[in-house]
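Dropping a structure here in structure tokens format, bear with me for questions.
As written, the chains take the letters A, B and C, and residue 1 is the first residue of each chain.
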């Protein structure tokens, strides 16, 4: 049979952001897939070399739009490691709350996208509206809805406002109740199971070998989570489980995210209940002359997509010498897609992309 | 444990500089000659460091060197090992890690495009993010992005 | 397929009587939160013209201009040999509303309001001197406090 080329993207390919895949098709079966990134390249790494340490705080969150807080936390942690300071306990708890809310918000986005890609169009409407309640909380805490610019080297920028804890608990209760609704329409849906089961399988050995991280790795049966293995913020003091599934297909990759939302709700409840009193920021240099001693550090957090790392080199000046950003989607979006797409139907392409939760801004940076 | 990993590397490789960075838990930084990288990466891979986190490059323009940094992670030890090596800036060439990790392709492609480092034995060093790029690779320190944008986008400066 | 599954779509009817989550613009208005990061307010009398805000501003949106550029102080007498106080002029084409300028202001004169909608036909109107004579001057949003201030200063009573 004759093969033909099909360009998917850069708009609406089943991914949040601009990203295209060049498919070689035989009938409606994919023979070869070549991811083609670069539509969102903004040169953040170069930009950060030219700006002071504090001037970089408002731009790092723009690297991944649906899940901005891991960037802020990573950047702040890298600077803290080089300065040799630790944020105070209260700041760590506030960071944990922000990071987990950001994870839930990002997972809700993924649910909506995946459900949309298999034709369940009510779910995107629900998840996006529920995500807005989390954005309301962010707005209350930080003053911004999407870009929070909140986690500052040495701690956080503001304390929890009055009434935040009660409002956050209300939102958590609401989300927990909503998960039942989602179950009925989406997670227990016959159609979802029929479409997603057995699609894009990554087995355990391949997952480690190919560099899969985060929820996608745990869906393949590897119990690994940066929050447990290399604790940052307040995760070392909180009690939570790491859900693991063994199927490694699109169905398991979505279900593991649903289980993670439940765990995140648990983590936030604990953090809200046990938040200690005290200062919210460690003493750091003057923001106008923020000089960081020479050295290099690799820090990483568990973002909603996987291992999110920053490698920062300082040469003792007021600007970072080099910042490298390791987005989880760098492997998921290029290498894994190349491996997974061939052999699947065209209709499943966007579903596989969304089940991997690829975030193109992380690839391009 | 970090000490165990240090012992393991010291026991098998003699001319390796090992640094345990201050204030950073579960991190081991090692510096090696550029010929040794593949050997040591293979050794670490056989000893549990099966996850290639990232490969990146730092441009030390004053020294005239590029520093390649390889991040490896072990799911058993839960330790990150950074292998660093310096290569000549005028003739940037390095052996590829493709035989060890398939996904090194993505990172090597990016470094080839952004820094102009050539990876021997990697057949797929095709354009990655940039389109129709001519001139020096943009992530090098001597590339002035401000000047570039003025020349390219500002009609008055032309 | 059990009998329960057969009737389960009926439960969707409950959404007919639920309150919608959307806001009916323009009949209803969504109020921004207490410390929303909106447009700037500057108490020019209180401002000491130190230029901290211009130096910290990540996108270089703030320029320090002599106080006499502001219409209200246009005819102000300047004593011989004395320098005119400089005040921040903000370019909203560049501003990213990070509020770092608010958190480094030593006199606590610069604040953010909760006002966030501006419609103009003249593009020059988006570059203006932050002042205290705007309609939203009492609608305070992000204001620096003891804990948030990056220089560790306390607001005066």
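Descriptive notes on the structure:
By our rule, a contact is a pair of C-beta atoms (placed from the backbone, for glycine too) under 8 Å apart; a residue touches a chain by one contact, two chains touch by 3 or more.
If you're wondering where the values come from, they're calculated on a predicted model, not measured in any experiment.
The chain pair sharing the most C-beta contacts is A-B. The most distant chain from chain A, with centres taken as the mean of CA atoms, is C.
Chain geometry summary: the mean Cα position of chain A and that of chain C are 29 Å apart.
One finds 24 Å separating the Cα centroids of chain A and chain B. Chain geometry summary: the mean Cα position of chain B and that of chain C are 43 Å apart. On the side of chain A, the complex with chain B involves touching residues 37-38, 41, 43, 45-47, 49-50, 81, 84, 208-211, 213, 222, 224, 229-230, 295-298, 300, 307, 309, 311, 313, 321-322, 324, 326, 330-331, 334-335, 363-364.
Residues of chain B touching chain A in their complex: 21-27, 29, 50-54, 56, 58-59, 69, 71, 73, 75, 78, 80, 82, 101-103, 105-107, 128-131, 138-139, 141, 143, 145-146. Looking at the complex, you find that chain A touches chain C at residues 51, 54-59, 129, 132, 136, 139-140, 142-144, 147, 149, 152, 157-159, 161, 184, 279-281, 286-288.
Residues 8, 11, 21-22, 32-37, 52, 55-56, 58-59, 96-100, 103-104, 112, 141-142, 145, 147-148, 150-151 of chain C are the ones touching chain A in the complex.
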